[in-house]
Amino acid sequence: MAKRDQICLEARGLTKVFGFGRNRTVAVDHVDLTLYEGEVVSIVGESGSGKTTLAKILLGLINETEGEVYFQGKKRDIRSYRRKQEYWKNIQAIFQDPFSSYNIFNKIDTVLLDCIHMRGGRGLPHAQKVEMMAEACRFVNLKFEELTNKYPFELSGGQMQRLMIARIFLLKPKILVADEPTSMIDACSRATILDMLMQLRNEIGMTVIFITHDIGLAYYVSDTVYIMERGRFVESGSADKVILTPSHPYTKRLISDVPKIYEEWDLSTV
Amino acid sequence: MKGYWKYFLNKLGWFVITFIFAFVLNFTLPRLMPGDPVAAIVSRLAQGMSNATGVQAIYQQYAELFGTNRPMHEQFFIYVRNVFRGDFGFSFSQYPRPVAEVLGASIWWTIALQFPAILVGWIIGNTLGALAAYLKGGFDKVLMPVSIFVSNFPPFGMAVILLAVFGVTLKWFPIAGGYGFDLIPSFSWNFIWSVFVHYQLPFWSIVLIAIGGQAIGMRSMAIYELNADYVKFSRFMGIKDRKIIGYVFRNAMLPQITGLALSIGTMVGGALVAEIVFSYPGLGYTLMNGVMGQDYPLISAATLIITIMVLTANFVIEILYGIIDPRIKAAQSEQ
Amino acid sequence: MKHTLRQVFRSGKFLFGFSIFVGLLLIVIIYPLLVPDDPLRIIGQGTFFPPGIYVNTYDSVNAATKYTLNLPEADVRRIESRLKQEDRLAMREWLTAAGIPESEIDIEDTERLLTLWNNNFDPKKSIPGMTNARRNYFIRLNNALKGLATSGDLILASKQAESGTLEETGIIKDTDYVNVSEVANVRVLVLGTDNFGRDMLTELVTATRVSLQIGFVAGLIATLIGLTLGLLAGYVGGLVDDIIMFFTNLFTVIPGFVLLILISYSIGQEQRGAFTVATVIGFTSWVWTTRAVRAQVVSLRNRDHVNLSKLSGHSIPHIILHDILPYIASYVVMALILQISSGILAEAGLSILGLGPKTTEVPTLGLMMRWAMIYQAHIQGNWWAYLPVLVTIALITFSMNLMNTGLDQVFNPALRD
Amino acid sequence: MRNKLFFLLSMLAVFAMLLSACGTPTPAAPAQPTEAPAQPKPTEPPAQPAPTEAPALKPGDPLPRQETLYFNGLQWGPVVCWNPYSSNCNNAMALVAGDNARVTMFETPYLYNMLDGKQYPLLADGDYTWNAARTELTFKIKKAAKWSDGTPVTAEDVAYTWATHVKYNTGTGAGNKDYIEDIVALDPQTVVIKAKLDANGKAVNPLIVSAYVSSNYVIQKAWTQKLEQRTGGDAAKFLADTAEDVVFSGPYGPFYADETKVVLIRNDKYWGQDASMWGKLPAPKYLAHAIFKDNAAGFAAFKAGEVDVSQQFNANIQDLWLKEGLPVSTYLPDPPYGIGASLPTAFFNLNSHGLNLVAVRKAIAMAVDYDTIVANAMANQSATFKQVPRSLMNPTPGEQALYDHAAVKDLQWAGKDYEGAKKLLDEAGVVDTDGDGWREYEGKKLSYVATCPNGWSDWQAAIEIVAAAGKEIGIEITTNYPEWSVYQTVVTKSDAPLPAGYDIFMMWSAGAGPTMPWGRIRNLLSSEWIGQPSNWSGNWGQYKNERVDELIKAIPNETDEAKLKEMYTELVKIYLTEVPSFTLMYRPQNFHAVNESVWTNFPHQDDGTNPPVPPLNLIDGWSIAGLYNLTLVK
Amino acid sequence: MGKVILEVRELTTKYVTRFREDVYAVDHVSLKVEEGKSLGIAGESGCGKSTLALSLMGYYFPPLHYISGDIIIDGRNISGMKPDDVRKSILGREIAYIPQAAMNALNPTQKVIHFIEDVVQAHDPTKSKKEIYEMARTLFETVGLPASVLQKYSVELSGGMKQRTVIAVAVILGPKVLIADEPSSALDVTSQKMVIKMLRDLMESGFIKAMIFITHELPLLYNVTDDIMVMYAGQIVEKGTAREAVFDPLHPYAKGLMGSIIVPEEGLRSARLTAIPGVPPNLKNPPPGCRFADRCKYVRPECRVASVPMREVGEGRMYRCVLSEKELREAYQNG
């Protein structure tokens, strides 16, 4: 799947420090990251490892303390809010909690409408907008007619997360940061979400950064896996290599501590 | 513990900065009021005087004495220097009494009236609120609206009603002054009893209003705590309800302690009215008189005392609260 | 939104508070339509007329129809109202002191007592040990008793313009009655009059309106400032946050009411219209709203829907307006309600201290309270001059706090029972 | 630790509740078993039992109710000092020098009696005498007069007091040095006051000179020197000294003072027991004044019998006896209950547009509903203008007799005369030309602001009624109440025109005193105040009339009563015609109500005293005679 | 077959929402746990598994209400007992509960040892503090927790430590049955493993006789428990040994659930995860027939008519479907 030819996003020495003085905590510590176009990359780490912070830096939602990000070969410049808005045409996200991802005061279709507007479709006739939204909904197996005039809380978590994918379908960004998109979803809906994500990736050829604590999930979806511990990447490589033949002790421990069903889960290693 | 010390010093530093700002404000604000305080003093001297130059001379004399003829910043530095020496200057309106003496005479009355009243109001209010949260039903349905209603009487309203009912109509309590009209202060039972009896109406007028607010706050906190996981766990471990209620109330009451600090902050404002209605000697009334008489040194010193009281109360309670509540202590130490 | 509103109106507390509040509002709106009097018009010459129905004496004497009612108890009542038991005892006291043997005095026999009194009472006679107050009492009593014994008719007379002599124009018998509905001038003073001789009820209604307006203005200003600063501090963060929070903390330490007194005094009474007072109150009470809003915004700022909104290309004002404000709207509404009620209380407190709005432009609840207290209504038992005012204040703030508690329970699920 | 805290808190709560539960009514002050002293008539010889040393008050003992006379309404803040040279002591029980000087501690040579307008000797022995040219006033000091330290009061003390006042430029010194050249002691008993002379060799103002003897204290020379020594000649220190050690000659001395009360105790060795003065001691052993925060609290205490003599404005005082049957009485049994002795006055700013017209001024004054002012603002504690027609005089009989009533009858308006006022305006051509309901003068709408200090409730109520009158006659009058500090600064600056917002404004007028009514008339009408940077005297509206100035100058030197009456009548005529200001109400010198539950025989109308004792709280001027008449209620 | 420690028959409970709506979250649930065995309960969020855990305690307080059914612990039916008796003699002694968010299960203002004292004394007031301390220390050391934990407040403990402390406290009285409701879901994998180890040790050492373990994490369940029940919409839909339930589920819902397991093991990358469309029914008014009917690929008309009973296939193996085992297997084969 991975084309591995064109570098899409590159991070060099990315560092994020919160607080100062004695309160100083280094959330992301000199991280280097290279993303190729069309690739699915997982960043795996436990809570507090800094993976979400890293994702937000890549998204430009928080500013890095140090280091550079190169987007499509050029150094990213998002110092003004206007430039950020430009940047966000290329990079998008799906967040962990579908319930808090929506503005509960807005009707569902505004989310999609915003996307059309962002892609320069503000002046399009209404019918065309509706058709675009309906198409996006069809892609994620939702019926647009049933969604219009509904508020987010009238939907299930799975539906909401699917709608998030529909949003990406409309935006067609170069990069998608998926921050634990299935961790709040019931197991039976998880597959649907993942399938749709992968299908979308294939269709628009975007790069996906998958942030997760679930090493199994990372294995399932990604081409490349980065293991993150306390703000640093401790191991990276192709999914098979990292998961099946881990070399770093942390990775090893992480994999051995996850319950399995085919192999023996060794409790004695605690 | 180290983190805690850091927190302590940090807080202390913050309070010091706030204090300095408040000090400047306390100095400046009263002096921004229009009107000429010296003219008011001279007016007292000059009534009935028919000699104009004499009045002018007296005016100059006082303006020089109080330094009101100097520019504001000069006055400020003189003030700061004097305050560092513990000298708050002369009160304009009660010249030649020094401000320290004027305040010294009134502040204890305020403290003696307010602290117990706030404390008792806090305790009764919290007890009632806790009971309302626990017993629910009729008690809650009756008590809550009643306490909301009572606490919504303006402070002076409560004072006036108590005065009219228990003082004027029923004559149970004296209605004016800090002690018997026929007594000379002394350390005797007669005097203490008299102070105590005179204390009742102003005291309860403050307590009654405090109760409502505290009860409402406590009830919310207690309901919130009653839904906490440890309550469920304790129940399933077979611990008696009464004991669990104990946990809940203690935990709910701890955040209420911050309310205490707040009450102290509003103490003087609230006291003012009670002091006036009951002719109770106190800081609020002194301050009010200072404002009316444009007594800058008195206003500055009184507001300074109030600021110090509020700051200290906030500081002490924040520190104390940290010590008695492990949750807060942990949070404070982490900062 | 509709859903929330429905929930809000399902809360008993909110509904109760809301009903009281709407009731007050309706009275404030409807009463002036029914009684369009100037609330500040002085109608009574004298202070604190008690509540009641005031029948014009002139008109009742000259009423077109007179009715004769022979009520047996009328005489007894008449005498009773002018010669009470304590008066009889006092008469005995005076008579005894004047040397009349006690055996001769029968205080139950009105006629004999009066005769005895009229024959013996001499205002100039000094009785040892009698205070001036007591002496005055006996003189008043003596005057009151005049004509009581001779229950004849009263003659109405008018002065002739030229000669100045009196001419009889009518007779009033002690059995004459008039029907109140036929008297030309009858005024019902439900709450009597105040110290200025104004109709308390009319004044109270207007005062309630003005106080509510003051509360609203003060609340709105405080909430607006609090909201703006809170949003700025919370959303922008960094240095802006530090500065705003520093001032917020500073103004927490300097008690608002003290500040309010200083500022109100500085402004001076000539500048203190109701609106100015409201503004001053608003400008000194934004602190808590700022804190609350900031706390909310800080927790919202990093919410995913805000991030998503950014990613959707929305501008910062748009985000604040659409993604932050609606979320804190319920808090802001609650803060507003509290600010309004505390604004009303603050106005009242200021007015009591003589720092309220100009006395004569409009009545406010605080000003009514102030004048009642200056004229010592609470000590003289003129309850109508202060109690209705207090109850009105309490009702307003009570209703608002009830609404607030109701809202709180709807928006804070943990508090629901 | 925590448990202990909670325990402590709950104990406190329980304690407080317990205490409140047994917070039963205060036991009434225990009746004193002491024998009430016999109550001598003022004319009777001293029947006072020989002053035995009363047992000292033990700590915690209440002041014996039957030996204490309680006041209110005089002292509104804590006593600051006892220094008779200072004007800042805020010591209303001991230190109020003036026309009706307070003579509890410090004494004046003479006592002024506002009821008959005469000065009666106190420290002085017999009446004072003028020399033929009326340039020197001589009086003698009583031989019996003694200071509290036992030394005699001498003429030297009087002379030194004056010298000190001048030296330290005190209020007394500054106020009198334009009229008094010097005070000298001829011998230990004889004092001569030398008047300042004008160019013609006549006294500048003999009236003020003769007022000096009843308005200013005599202070001990020895003590004054001690004070000078202590303060080293520094005027500020001299005047700021608290003078705890002061020597006095009066019947009372300091006993106790704090934030809530001030108590004086009788000096049982008071020289006035001498037959040459009172022949006995005043009845109360203690004079106590509780310091209340406002009228309401003071009134409540008065009502409860905790105050015997009330000098505060108590609205509806009659309810106390009519409705509540309390043993309360006033000087007069019926409204106005007291003797009016000052004329709170509304001044016109003669520079305001239209107010330079007499017609406008008079029309406004005529339209005002004075009956409502009297009934509402003063709660009927003022004579109405029907009872006492307006003039420049107090309602006291002495002053009323000074002008020819019949001659000015047509000028005295009674108020609420809307038609008359409108007619006056119409005739003057001040009419509503543009049909907006308001009258115009020279094309400009008549619109005025009426003002008085904020918080002065009776004045505010009166100003309201003035404003209401304007509406009736087509002149717009709005009201405005600045804070006192602003008001006084503005009004007293007579060297500049009054700023906008002060068109009609209220100020006081002088009360009763030995220079009255001349002094009052001077204050109201004299142009000499115009141009003063700090004018506390009067004529704030800046009225100027040469004839008036002439008359004011002439009166002090006029001794012929018929001529005086003529001159006063002329002044009243001018005043009522030109209306530079107008009286809104009569106000007593002191509000005087007494609660007779402990003491009685207070002065009241027709109480048989001769000379009559005025209703001035029994401590001012001649009213102190009342203290010797008090008896206990049985 | 071992001795049955816990037997539940047709247990039905409901909880009442604050809008006074009844939610039948546990609907005629029956189960048995033998000595030394552990039973896992799996299901989606909202299927009633947590309510079941609470219902099993036999001690009900609002909003949970008991309707019918029996709970028999070691031969003793506790559903008819008075609540106070249950509290005294059952809770903590016979059956213990570890709440879902164990992080907050400890009173934040109480040291661990004081809570243990309260727990022990609630059942045996005669025990002295010293005895209790000894008892607790021994237990803590046995389960591998430092005794110093006893003197700490919960805020001073890490998440994993807190969780293990809660478990230790829960078993302090040596209950026969332990009900663990998602005890590890908020922990990182390592802490999770420690918690699981601790539970396993407690079982193996016989300290507790039986355990019910509730979680939505199937791989975990598979590794912890002997038997697994799958719950759907308040009902049990499948029961079998852990291996059967995971690798050979019969009920279509269980089949779907098991098809969605993700583990970092070889072959996963090429596996195709199953997905079940739709959402579970609203338990306020559940459908009359099979509750899974709306989401089931193999739904037939009869499914919607009446409630579907459990079918028993082999020892302890049950499922709830109108289709026979054979029909189901055929259907699965055909996809």
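Letters A, B, C, D and E name the chains as they come in the text, with residue numbers starting at 1 for each one.
Just so it is clear, contacts are C-beta pairs under 8 Å (C-beta built on N, C-alpha and C of every residue); 3 or more make two chains touch, one makes a residue touch a chain.
Fair warning: this is a prediction, and the values are worked out from it, not measured in the lab.
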Length of the shortest touching-chain route, chain B through to chain E: 1
Chain labels contacting chain C and also chain D: B
Top chain pair, ranked by how many C-beta pairs fall in contact: B-D
Nearest-to-centre chain - CA centroid comparison: B
Taking each chain's C-alpha mean as its centre, the one farthest from chain A: D
Rounded Å distance, chain A centre to chain B centre (Cα mean): 55
Cα-centroid distance, chain D relative to chain E, in whole angstrom: 91
Centroid distance [mean C-alpha coordinates] between chain D and chain B, Å: 38
Gap in Å, rounded to a whole number, between the CA centres of chain D and chain A: 88
Touching two or more other chains - residues of chain B: 33-34, 163, 168, 175, 250, 276-277, 292
Junction residues of chain C, two or more chains touched: 265, 268, 373, 378-379, 417
Contacts with 2+ other chains: residues of chain E: none
Residues on chain D engaged by chain C in the complex (per definition of touch): 294-296, 299-300, 303, 314-316, 319, 321-322, 325-329, 333, 371-372, 375-376, 379-380, 451, 454-455, 457, 460-461, 464-465, 467-468, 479-483, 486, 501, 594, 596, 600-602, 604, 607, 633-634
Residues of chain B defined as touching chain D within the complex: 33-37, 39-59, 61, 65, 93-97, 102, 105-106, 109, 116, 119-120, 123-124, 127, 163, 167-168, 171-191, 194, 196-197, 200, 203-204, 250, 275-281, 285, 289, 292-294, 323-324
Chain A-facing residues of chain C, complex: 1, 303-305, 307-316, 322-323, 326-327
Complex interface listing, chain D residues touching chain B: 1-2, 5-6, 9-10, 12-13, 16-17, 19-20, 23-26, 29, 57, 59-63, 65, 68, 70, 77-78, 80-81, 86-88, 90, 98-99, 169, 171, 173-178, 208, 235-236, 239-242, 256, 258-261, 263, 288, 290-294, 296-298, 300-301, 303-304, 306-307, 455, 483-486, 488-489, 492, 510, 532-537
Touch list for chain C against partner chain D, complex: 42, 44-48, 86, 129, 131-134, 136-137, 139-140, 195-197, 265, 268-270, 354, 358-360, 371, 373-376, 378-380
